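Labels A, B, C, D and E are assigned to the chains in the order they are written; within every chain, residues are numbered from 1.
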Amino acid sequence: MLPGGHLLSVLIFFPAVGALALLLLRGDDHKFIRIIALIVSLAEFLFSLLMIRAVPVGATGYHLEEYAKWIDQPPIHYHLGVDGISLFLVILTTFLTPISILASWQSIEHRVKEFFVMLLMLELGVVGVFLSLDLFLFFLFWEVMLIPMAFLIGIWGHERRVYAAVKFVLYTMAGSILMLVGIIWLYNATGTFDLPTVEALLHTPLSQGGLELAPRTEMLLFLAFFLAFAIKVPLFPLHTWLPDAHVEAPTAGSVMLAGVLLKMGTYGMIRFCLPLFPEASRRAAGWVAVLAIIGIIYGALVAMVQPNLKKLVAYSSVSHLGFVVLGIFAFHNISMQGAVYQMLAHGISTGALFLLVGMLHDRRHTFEISEYGGLATPMPKLAAFFLFVALSSLGLPMLNGFVGEYLVLLGTYQRHWGWASWAALGVILSACYLLWSYQRVFFGEITREKNRTLPDVSAREKWILATMAIVTLWMGVGSTFITARTAAAAQSVIDEVEPQRPYEAATPDSATPQAKLDSSGAAKAISSERLGIR
Amino acid sequence: MVPTNYYVILSAILFGLGVLAFIFKRNIITIFMSIELMLNAVNLAFVAFSQALGKLDGQVFVLFVIVVAAAEAAVGLGIIILIARSRQTLNVERVDLLKL
Amino acid sequence: MLPRAIDIYRVLPELVWCGFGVLVVLMQPFVRNRHFFTFLALIGTLAGTAASVSAAMRAGPGFDGLVQSDSFSFFFRLLVGTVAFLVVLAAGPYLERERLPFAEFYALLLFATAGMGVLASAQELLTAFIGLEMSSISSYILAGYRRDSLKSTESAMKYFLLGSFATAFFLYGIALVYGSSGTTMLTKMGSEELFHSKLFELGLALILVGLGFKVAAAPFQVWTPDVYEGAPTPVTALFSAGPKAAAFALLLRIFATVPAATHFWFWAFWGLAALTMFAGNLGALVQTNVKRLLAYSSIAHAGYILVAFAAVTSMARDGSAEAAPAYAAVLFYLLSYALVKLGAFTIVSQLGGTGEKNLSLDDYAGLSERQPFVAAALSVYLLSLLGLPVTAGFFGKFYIFKAAVNSHLLWLAVLMAVNSVIGAYYYLRVIVMMYMRESSAEAKSAAPVGFPLTVNFVLAFTVVGTLYFGLFPNRVLNFILQPALFGR
Amino acid sequence: MPKYLMLEYLWIVPLLPLLGSAANGIFGAKWPNRIVDWVAIGSTGLSFLAALEAVREFFDYFTENHHPFQKAFFTWIAAGNFRAGFDLQMDQLTVVMVLVVTGVGWLIHIYATGYMAHEGGYRRFFSYLNLFMFFMLILVLAANYVLLFVGWEGVGLSSYLLIGFYFLKKSASDAGKKAFIVNRIGDFGFMLGMFLLFKTFGTLDFVALFAKADPWPADAMGHLGTLTIACLLLFTGACGKSAQLPLYVWLPDAMEGPTPVSALIHAATMVTAGVYVVARSHILFTHAPTAMLVVAIVGCATAFFAATIGLVQRDIKKVLAYSTVSQLGYMFLACGVGAFSAGIFHLMTHAFFKALLFLAAGSVIHAMGGEQDMNHMGGLSKKIRRTYVTMLTATLAIAGFPPFAGFFSKDAILLSAFENEYGGRTVGYALYGFGLATALLTAFYMFRLMFLTFHGKQRYDEHHVHVHESPDNMLAPLMILALLSIVGGWLAAPAFLPGGTDYFAKFLQPVYGGAEVAAAEAGAHSLELWLAGVAVVTAFVGAMVAYWLYLKRPEKADGLVKSLNPAYTTLLNKYYVDELYAAVVVKPLLWISTKVLWQAADVAGIDGTVNGIGEGATAIGDGVRHTQSGNTRSYAVWVVVGAIAIIAVIFFWPFGGKTVIGMVR
Amino acid sequence: MTASLAVFFALAALAVIGAVSLIVQKHPIHSALSLIVVMIALAGLYLLLGAEFVAAVQIIVYGGAIMVLFVFVIMLLNAGVEEHTSISKMAGAPGLLLVVALAGFVAATIARSTESVETTLQTGEIASTLGISNMIFKDFVYPFELTSFLILVAVLGATVLAQREKS
């Protein structure tokens, strides 16, 4: 047992204990159940905050590690650990869970007990995914998380919930089963499921007892992992499960889905694809980036024309996550940091968007934008919150969305200016779809009589939204609190995939020969090189 | 002397005819008979091999096969009677309630 | 040479099962109390299972090598014994409900179990054949046990005709093997010249046909859905768990023991596995009858197990050490699968109601509201079949994947992955029905189906087992991974 | 106690409006208007005072240290070697901007308390307005591009909010949205520009970046070097924010907002941010002559183009809007020909007189009870005398009559254009020519506005419109601005005047270096005098034509409209640019998004494929189940088939059934 | 051609004719009789092969018991001429083809492979009933005992399946 106590185990299994407690309770006292669930999730949140202390700023590697034998043959270990990247993803999860519980306070009326049990089980799975350092364990949690989510969609969702739930499971399974094959293959090559060991082996030269995968093998392995993650992200063109899942899921489900579950995909890319298969990652980077960019633009354009508000937000996730993937596969430390930040920011802002959409749905039981219009009049506060969140989502500086997006684009630009330029179009388009939909929902005269008397936010909703807004603002202004802690981990990932050349600012000396040249073809070539055409 | 080949080939032919009978007969009893034919073909092979190898166990196997065939016959005919009673037909193609 | 005591010990489980079978038959005219037979059968199955421990403690070849008492047969005896025990428990209420005679059922069950035990321990083809026939003939009768049901009798007829047909192939295969090798002892088929004997190959091929039929490998799977659907549900549970496992045991022993068999068979198993997986999963996609759906699913799972066989046969010539994980995969999978299928069919049997009327998927709509615990248990089984973690099915699948990847069977692994996804769809359909659909009005108004104590015990046992092996597979794995699995 | 107290706490300057905004926004709902007033005006006023104090301290600081004041407050974003701090900076350029923003902003706040007194959403309005002040101050005080971008986007947001203030009106919310999106298009370029600069120089702090850029050799003319591209990208951003061709379309629509907003944001401050950025980045631009030329041409073209549209507009605010676009073009023209100080000077004077024009127009509208169409006005000069006088002052200023402010600034610009060195003499003459033509048009349309509004026949129904002079809190700012519109120009008295010295250029010298001032002074006095004369004559001609057409012979104007109908219609419809954008960009994009991307690609294509695979599987499954015919004979055949298959595989398989270890299967 | 060969061919022909007749006959009772012909022919062949005991058992058990059972059941069920239906699509020409292919292949393989064991016939001494009984009761005593249970199963099965409803 490594030092560090059992905080991580507690984090993983505390929700399970809570769920068990709920199961044993009688199912008819809804209020009591809700309160218990809330307390459990809040306690879990506080536990997760304890981790921050344990992850020193600037330290690479894993902290609070736990290590225990589990299965002998093949050697599978219960190995947990946390680093800068997973730290905040876990906190994001534990933060969004109580929010989701609060958001479901009144909208979930039947099978209340099961609902909260499922929510807590989902939390267990997701936290487990982020904390596992054993490939097998990781896969286990990855799959475990599927079922509660499918139930959340399938039981408490809207009209086409069953279709969406099944689609969600099938899509995810299609990818994850191949990942399982990949994991096993990797085990065959390395003889261990332990992530740090595998990493170390793959990074040690053959001559020193390490392991070098044949390029083709590495690429296949990379693809096996990548496909699973890409589906989860979801990367274009594997995204079509997402709109359905979101639209049909209950608010809490959407919040968790958009807030955390999608991050599992990008987290997987950072944690597995890049460090384990650097060569393949480098070779695939161009293709991945193209897909990510298509996703950014395509997601935004499709979001723009959605008549369904929730679908719009769902497609916007496709667009936003495209930034994350792009940032990861640009292999630049700035963009990587940006990607990590964007994951967190997207969790908050899109989570909040779904909360708001859910609140609208609670009032009017529809997601059709055409059913709304002029809502700013009866519910100014909700309108204000919505605008605030929409702005953070479209990347307004000083709100959380900007930091990640900016860093991603900035970092990407340093390596591939073309990619960044295309991706930056997303910045324009996000304004288009968010503001247009906002206008259609909140501005103008009231067109439906029903909307005239809708109540503004209740106290509970106000507290939820205010919390989200404060976090949004804090993340937009005080980003260094987070980036300082993710920096080392992100840097080490980059180092593993592609050691960065030390930064060299261009100097006039280097530019002098170019200045001497006339505006001939040669000069053009040099200038384009300086621009970063590689 | 007759080469063992001949016996075994004969057994193969009989086995094939048995299969053919199984496929082409409609009457359940006849189909069952074709199974008996196949078992007989097997027996012939056993005896021929036994003889060729100079070992007796092949003949012992034949005895076992005959016993098994007898047991099967008892059960099989029981089932056939059951079918005939409940369905008033012995045509195997009419017994297709379970399908797809 | 007359049998020695040690020989008797080594086949004790089978003898005990047979003995109790005979006992039941003999008592039948004299005892009216049905529960007495249940009790007797329970004792019998347990005693036989216990006897397998004693057999395992005296490991070694019995009857001059006709049978082998080793870890492998121990595993399967335990498995089929437990299956039989659970089937007895689950069948009681069913027989009661359907007003079927008890004693004969249990006697046949015991004989069938004995046959499976023989099959699992046989080291000689003819003995295996007798074992196979014991279990088969009992199965034929059990399939037609509901004599007043058209479906049941049809099931019996089809099973009987086709089973005998396949047995003939199997037997012809034995004949050819005997003719080419001069022996029917698996351990004596090691000679080098058999590697080049076409006749031997042909014999093995026909044996594979016969056993392929028993394990429901495509294209020999055609009988499975019909027979499973028609047979009384507890019998179906037995079919899917017991004889199949035993047939796999024999298949494994043949292809693990006979070097010439191991060597050439890779592509055949590859093809069988691929075909079987697809046949099962695709067929199940469109089923609306739960029993039939589970039947197709068991075809699919046979396909998965055959993947492990492909892995076994692709291993080096006599590499039992290397192939150990692949064997283990088969064994573990059979274990997890038996537990799950037993549980699932037990639930189906219980929910079916008198005359097995409620077998349609629609009858399961809203089950989670009406009978939450049953729905939860069935979900656990389905998730295990689906191969989701913390269930035994997950580890089973994991090991098969591992075996496949070990043997570089990447494409097969990918095909299996594809099939897992297809499978997920129809398993989810059942879960969706139970959890996400409303009950029909009449189902709502009807009182919940009672689950007697014995059935609940079966469910609890299988659920706990499924979860236990899903979380802590260590013990069983270490057991089945031992290099000297096949006592030699 | 630090020596430069206010500079040490420079963040107070932007923070005050933010606090005001937050206070009004969060708690204002329960407050009466008076408290809202106090919070709003108080916070901006204090901010103005703080800015004044900071400026005073800065002068001391500068005489002591001879370099801009800079202070890092906290690190906002950091990643790798990138750092964006919340760093504020003050130099002479900032001083001008800060004073204009806080000063004019404060006046307009005061004005707005009167103008908005009877509107709903009072505290919302002031909350937004204060928020705007916050962002604008961030923009001008920022010490690096990233923080500048914060202000840049922030003012865009405030502009969006304020344009869409009357959110019940679709046209208003449309306009707000349009403003934000068009600005974003510019921001796209701005961001890329920043990225390129960071890639090249490794920093985005002004001081460090410019220090690194300064020794760079200038790109050759016509050569797209790094700096040229960076400058062009930054200029794209400026085009969006400052409403230059082709991104000017949002500004006229922005007049949907309340008039104080138009005055403050869409005339005086925010729209000049682009000019400010170009001026701020002058070191980069002077290294990129191509970019300079582009700036000049775009500015000049915009100036002329917008002025032509302004000729025929009927809506009083629309005229002013196009005028603003046109004047902004002037400023860019100045920057493009290297006369940054002239550009900034025009920025300042324009802030005075254009704010005044808008406020006065607001006063008119206020007086007319919301009427904005000049065809329904006329003869108002008697009824709202003070408004009339102040507006006339502003008109004279913008038309360029001496000694009003516009004369000096415009004169400096035209002179610089005439002497332009980027792209040769001919270009310079062309720029000058169009600049002069624009001046003519400016004078014409401004006097047309005056005549249509204040003179001639009364064209409104007196029974419905009760014309009244505005309250004092509206008039007072008008007067102050009128004063500034007169005296503001004297700071840069041209050299041909006796004792005329361009104090303004001198003041900015530390920013722009000695070269520029020297160049400006080296110009022959006679030439400058000549050009000034020509400009004044041009303005006079423009005014006279307007007089003739709209007062003397109004029927001629109608005749002209008839005879030049195609041209007139084109101008009236603003060259159909909006329609063009709608037809070429918006509609196709929406159509492609809906039909192609969403319905064809997403739903039918990708999802269809996925579902198709599912359906295919089901279909195959159905096929598979049909092998299950229920017929025992068939089943037997399947067994035979299987047997043959197995035998075939074992005996005839090309791989011989033998296994090759290591092969992937 | 030796005498034994001639006898072989005669019996083989008889067996094949019987088997074909089994297929061709429409009435089950005729088929049953054809099968008996096959069995008798086989018994003859066993004799030719020197397996007298097997031949005897063949006649007694197969011909005498099993086939009688068949005939009895045919009579019992009053089975008439076979109804000619062709519902199965598989079991027509394709089935015929497949079976011919299968049997042909098996026969061909056997023809090629068993040459090595050809005529290593050792007659007489080992083919004794004594030897067989020794094997059954010593070497194969375990399966032999199992067959007893098997027969018990069969008996049990027959009673379970065929008994009249108690009602």
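In this text, a residue touches a chain if its C-beta (ideal position, glycine included) is under 8 Å from a C-beta of that chain, and two chains touch if they have at least 3 such contacts.
Given the structure is predicted, the values throughout are model-derived calculations rather than measurements.
Path length between chain B and chain C in the chain contact graph, taken as the least number of steps between touching chains: 1. The leading chain pair by number of C-beta pairs in contact is B-E.
The chain with its CA mean position farthest from that of chain A is E.
For chain B, the chain with the farthest CA centroid is D.
Legend note: the chain whose CA centroid lies nearest the centroid of all displayed protein CA atoms is A. With centres set at the average Cα position, the gap from chain A to chain C is 44 Å.
Per-chain Cα centroids separate chain B from chain D by 95 Å. Spacing of chain D relative to chain E, judged by their CA centroids, is 101 angstrom.
Between chain C and chain D, the centres computed from C-alpha atoms are 77 Å apart. Each of the following residues of chain D touches two or more other chains: 614, 625, 628-634, 636-638, 640-641, 643, 647. Touching two or more other chains at once are residues 170 of chain A. Across the assembly, chain E contributes 87-88, 91, 95, 99, 102, 106, 110, 114, 117, 139-140, 143, 147, 150, 153-154, 157, 160-161 as residues in contact with two or more other chains. All chain pairs in contact, by the document's touch criterion: A-C, A-D, B-C, B-D, B-E, C-D, C-E, D-E.
Every residue of chain B that touches chain C in the complex is listed here, in rising order: 8, 11, 15, 18-19, 22, 28, 31-32, 35, 38-39, 41-42, 45-46, 48-49, 52-53, 55, 57-58, 61, 64-65, 68, 71-72, 75-76, 78-80, 82-83, 86-87, 92, 95-99. Put simply, chain A touches chain D in their complex at residues 167, 170-171, 237, 239-240, 298, 301-302, 304-306, 332-334, 337-338, 374, 376-377, 391, 396-398, 402-403, 406-407, 409-411, 413-414, 417, 420-421, 424-425, 427-428, 431-432, 435-436, 439, 442-445, 477, 479-480, 483-484, 487, 491, 503, 505-506, 508, 511-512, 514-515, 518-519, 523-524, 527, 530-532.
Chain D meets chain E in the complex at residues 629, 631, 633-634, 636-638, 640-641, 643-644, 647. Within the complex formed with chain C, the chain E residues making contact are 106, 109-110, 112-114, 117, 138-143, 146-147, 149-150, 152-154, 156-157, 159-161, 165. Touching chain C in their complex are the following residues of chain D: 614, 617-618, 620-625, 627-628, 630, 632, 634-636, 638-639, 641-643, 645-647, 649-651, 653, 655, 657-659, 661-665.
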